[in-house]
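First chain A sits with chain B, and in the next complex the same chain sits with chain C.
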Partner chain A sequence: MAVLMKILILLLTLAYGIYGNNYLFLMEKELNEIELESKIVAKIAQDLVGQNEVKVYLTHYNIEEQEAYKKFINITSHCVEADIIFLKKNKTLDSSCEGLNKIILTNSYQQFVEDDTIIGAFFWAKARPNIVFSKNRLKQNNITLPQSYNQFIEDL
Partner chain B sequence: MNIKFFFQQNLVLFWGFIIVLIVSIGILYLGTLKLEKKLKSELLAISTEDMIAISNNISKKIEEILKNQNIDNDMLDFVLDNSELQYSFENILTPIITKNIKFAYLIYKDSSGVFRYLVDGSYIDKMETKTKFDADSKEWFEIYNTKKPIIIKHNTIQALSMTYLVPVIYNDNVIFVLAVDLSIDKFKDIEDVWDIVQYGVLAVIIVILIFLCALIFQIFRFYKMHKAVYIDKLTGAYNRNYLHDFEQVVNLNQYILAVLDIDYFKKINDIYGHDAGDIILKNVTQYLQQNLRDDEDILIRYGGEEFCLFVKKDRNHNKASLNVLDRIFNNLQTNKFEIMPNKLIQVTVSIGVNLEPGNSESFKDAFAIADKLLYEAKNGGRNKIVLNADKTD
Partner chain C sequence: MKILVSLCLFYIFLFANDDESLSSLLQKYKKYSDLSHKTRNETIGHISVITGDDIKKMQANKLSDVLKSLKMFNYMDNVYGVHNLTVLSSANSVSSAVRMYLNDHELSSVHTMSPFLAWDDLPLDFISHIDVYYGEGSFILGNEPGTTIIKIYTKSPFYENGGLLRNTISSKNENETSLMYASNGLGDWAYLAFVNQSNSKYKEKIDGVNVSKDSRREYAYLSLQRNKQSLDFGYSDISKEPFANLTSDLTSNKANLETTNYFLSYSDLYDNDTIKLNISIDQSNRKFYSSNDEGLLVVPVIDFTNAFTTVITTPKEFEEDLDFSKYQTSLSKTFSTENNSFTIIGSYKQKKYKLNTRSYTDMMDRYFDNVKFSEFDKEEIYSLMFEDVYRLNNSNHLIANIRFDKYNKNGGLKNHNERMYRIGHIWMANDNFGIKSFISHTYLAPSFYLSDFASSTQTNQTKDLESEDIRHYSIEGVYADENNRISLMYIHLEIDKFFVPDSNTGLYYNYDQIVTGDSLLLEYERQILSNHKLYLNYNIAKSNQATRSSKSGGTLRVTGSFDDFDYFGELIYKRGYKIENIKIKDGYDVNIGVTYNITKDLAFLLKGENIFSKGSKIPYKDYLTNEYKVLSNNQPKALCSLKWQF
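Coming up: the complex of A and B.
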């Protein structure tokens, strides 16, 4: 119940900046950076897939990071089973995971810009969380995000 | 003067002092709590003064560089295409990075209204030009209207305490925003300093309270000790020690001075034993105390079976005080005291009364007169009151 409430608050916060005048990200003091990241990524994953139960495949994340993510989302160790693949900064996808037509996110803006297969990024910059999606890539993958994400969608 | 009243008066003053002290300590402590916000804010202002000045100077420097470009076209596009210029801006920003100044960078708004990095002077977490920047508060937008520096205090970003935004203005418009992020360490340092101050104040308060407790304890010990020193253990009346102190401060004009002696007391001791004698002393004392007026008359046992009475005059008349003595004397004659089960005896007293002790040069002289009159009463057959008849009502 507490987790749902927090996610609801996160959703409301993400929805707050519909017209781009307020970019507010929920930062909970009791969570560290990786926990907060995993909460946000969980929300994004659910909205991308369009369902609450989502499986995420994390590439090149250490055990501590995976444990933090597990508190908020389902982690799978096989990319085949995953709904979302979350690439770590500048790491490439394993060959076994290529061509699976999965939704791919990254935590590197540069990687997001350069790699056409990556539809969005969540990354930390200057201690602030940043979210970005490619309009064209979302379209290509027939993904429609809620309106609250409009401020994060770029013409790329 | 009644010792009880003496101590009561001083106790009132004492407790008044204690209450004032405790209230003062309370105000002091609450004052520090109230001042906390203001003082921390002042400390922060002092510690960020230089950073703010430097940031303002950098902004002016960048404005100067832009002015010197002599560009008629869109300056923003010009800068975005000019890596050399970007590099020079970066070189201006990089030197201000310190342990407390975590990041320093220039942000611009693109044609779609999206914020992006122009240059980043930071050593760590360095962002590439045109990387998207998600503004985390309304101040990023406000600065484009106000064209004045703004401070953002962070409550939610854990690593940063505040961000100082300075507009870089070209042709009267905000073209870039210089952002300087201060590390949370600065706040923590200020918190640490404040904690030390608070602990210091608390320590002082605790020390004061400890001394206060020790003082209160000593006062009570003093009071108890004095009480023991002044009170006769057997009868509960004041004793010779009290008389010695009281005679220094008493205004003899306010009293008649009587010296009372229990008749044949030695005989009572011899016949019935010392225990019976003690009972008589206790009972007679009790009887006298009951018949004297509270807070006006004073009873002192100054010898074995001898008592000194200070009976307060009523507006310089002796009548009321004489009535007291008269009542004591007469009623005592009809009173019987039980010295052992089923054994009652009567006692009589002899009293010498100095009606004008104030006329004597000292208490000693006044007492001597009363004592002499007591002697006359004894010699005159006992069971008598003898007054000095110089002045009577």
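Coming up: the complex of A and C.
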């Protein structure tokens, strides 16, 4: 019985497949990376604001990117209505956003480090996507993130 | 039983939360951002993908580390000591049916059409992944025909955004250093820069005399990218001892082979990525020197009238310095509707061959200078191609291609027009099973090298070889689920006017009989748990020609990681065969490696190659004694590397 159990466990372990990466024939690339990127930004935005309905203002994103983001995020074209601003690398905030004291995220680690009005960054480095938040800036803005975010928070 | 239930609950919990957690979203994002997902094009042919993870875990420092286990091919060094891919059972010579690309740029030599002299040991530190397409897929790529296409993709500077330094030493006193740096911080621009230098050693004794493939190599690559624009610069410089080269007895007194290659390639996409423009320039130089008291088989200058003339006109010292250039431009436009994708491609290519020096001294001590083997030194190719991919329904896709090529040649060779066509069908019975099949009629035009080495007597003194006509039929059944992918492929090939060397002179002519070949290729991949993988391929080939290399063989490989370690183990088996009266034994090439990831960014790597010294052996013909000498292809060695990502 014990042997049977071990075999069963082994089979179950081997059959388990969320890690699989096999294509039969990849004829239609349904999931595109911008959509997944927007899904991640939506998730972060919801957890930062603490509610499901979040309005995000995207700076300097082209139409294709905005369309992909719209599938998962409520995009606003007016900075004043936004809960969160997502700032593109090497771009500055629009004048309409100045002095509004919104939560700002960026996709540049360098910009995140240099600009202390930015709370967090979602960027690529060393071939890996990374997420990082500043502990002090979160505190200053009275934002508490769920426990699962601890791995993404830096002492900055 | 409790354990079993807990395990089930644990998995259900994981499944249920898979879409929710940020970490799993990040993991999925990394997977779908992977270039191999974006570059995979099912319509080009039957695909095998060598992923970035495979390259990393196999410690594949060089392209040859992955080529040696490629299905359908024997990986053998030719007489110049160049790692060469030869279709199972075929003769070991200069491979010309394989087209190799680095991103959009075709690397094949203008001289021989083989990519391997300059790029066989291309370092892989800056490479994202490699797609191998079986079948005639050059339609959509707008380049010369070839029945296998190896597409090598560089890492993306947007994602890489960091550096890498690797140093490797081996038990054969070899060393290699690679440095890569990528940044996306130049405004809208991103760049990736890579440099590598290495030396490799291989010495073997034939009848007490050393033959060597020792080489020194330098590679560099720079890519600048912005939105869809990409400017790539590639460089390779190789200096090597060219093994047996053209010697009649496989051992030279002194020999050297040097090649320097540059390319610059620009690509851009317009109009919602439906228009693609590519412009490229290639320059290369090849210098070769060899001396041998027993003679050099520079067959175009030998007078084979009788035994006496053959002996006295055989060179004993030979030197050449050649320049090659290629200018190419292609423009494609795709029109898409809901179920149809129609692409039209036009391309122009100009190839030039410049003889700087070619001289030799024959057995009578006569010196000859400025020797031309052929007057043919310029070729222009105009191509027009159409592809239509029609989505019949969710399960069926039809592919149709037609291509017209116009060749303008100088040197008294006839201009010629060629036509290629292909039809294909992709059927997906359900999510797990499908069949892909292609019928193509294609051709292979003679290279400058083949024209130089063409037989005058067999071509009415014109040295004008006709193109090979190739009919390629392939069918592949694939089963895939979350953890498994099994592919079984059958290929039937018929070639008219095959380029073969004349048995008396070694000069090439168009064979007047149809050459046929059949291959059965099995490939199986299994993902085990999150991070272990089993890979297996087994291939059998049959031809109506004499067997010149192994007819069957396969690869069994396991890769994986646990804790801070990555490992791999690989067995490459090549079945023995008889060539004339020599029996070549079965080859068992065993490679193993372990990587210790000291930190996320620092790794120590140990690898053993051909550890039991039982790897396949290669026969080389000694034309003085008319006997084969059998030499090992890879010598056993241990390698040790340190890799730092910064």
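For the reader, a short list of remarks on this structure follows.
One rule holds for everything that comes next: the second predicted complex is superposed on the first by the 124 of 156 C-alpha atoms of A that agree within 3 Å, B and C clash if a C-alpha of one lies under 4 Å from a C-alpha of the other, contacts with A are read in each partner's own complex, and residues count from 1 in each chain.
Keep in mind that, in the parts below, contacts are C-beta pairs under 8 Å (C-beta built on N, C-alpha and C of every residue); 3 or more make two chains touch, one makes a residue touch a chain.
Source: prediction; values computed, not measured.
Judged by the touch definition given at the top, the superposed model places A:I40 against chain C, while chain B stays out of reach.
In the superposition on chain A, A:V132 makes contact with chain B only, not with chain C. Shared-chain residue A:Y149: touches chain C; no touch with chain B. More residues of chain A are touched by C (comparison of chain B with chain C).
Common to the chain B and chain C interfaces on chain A are residues 20-27, 29, 32-33, 110, 124-129, 131, 152. Residues 20-29, 32-33, 109-110, 124-132, 152, 154-155 of chain A are the ones touching chain B in the complex. Within the complex formed with chain A, the residues of chain B that make contact are 102-103, 105, 112-114, 117, 122, 125, 127-128, 131-138, 140-141, 156-160, 179, 181. For chain A in complex with chain C, the residues that touch the partner chain are 5, 8-9, 12-27, 29, 31-33, 36-37, 39-40, 43-44, 47, 89-90, 108, 110, 123-129, 131, 148-149, 151-152. Residues 1, 3-4, 7-8, 11, 14-15, 18, 21-23, 25-26, 28-33, 37-38, 40, 42, 155, 158-162, 184-185, 187-188, 391, 397, 426, 428, 431-434, 436, 478-485, 525, 527-531, 601, 645 of chain C are the ones that touch chain A when the two sit in their complex.
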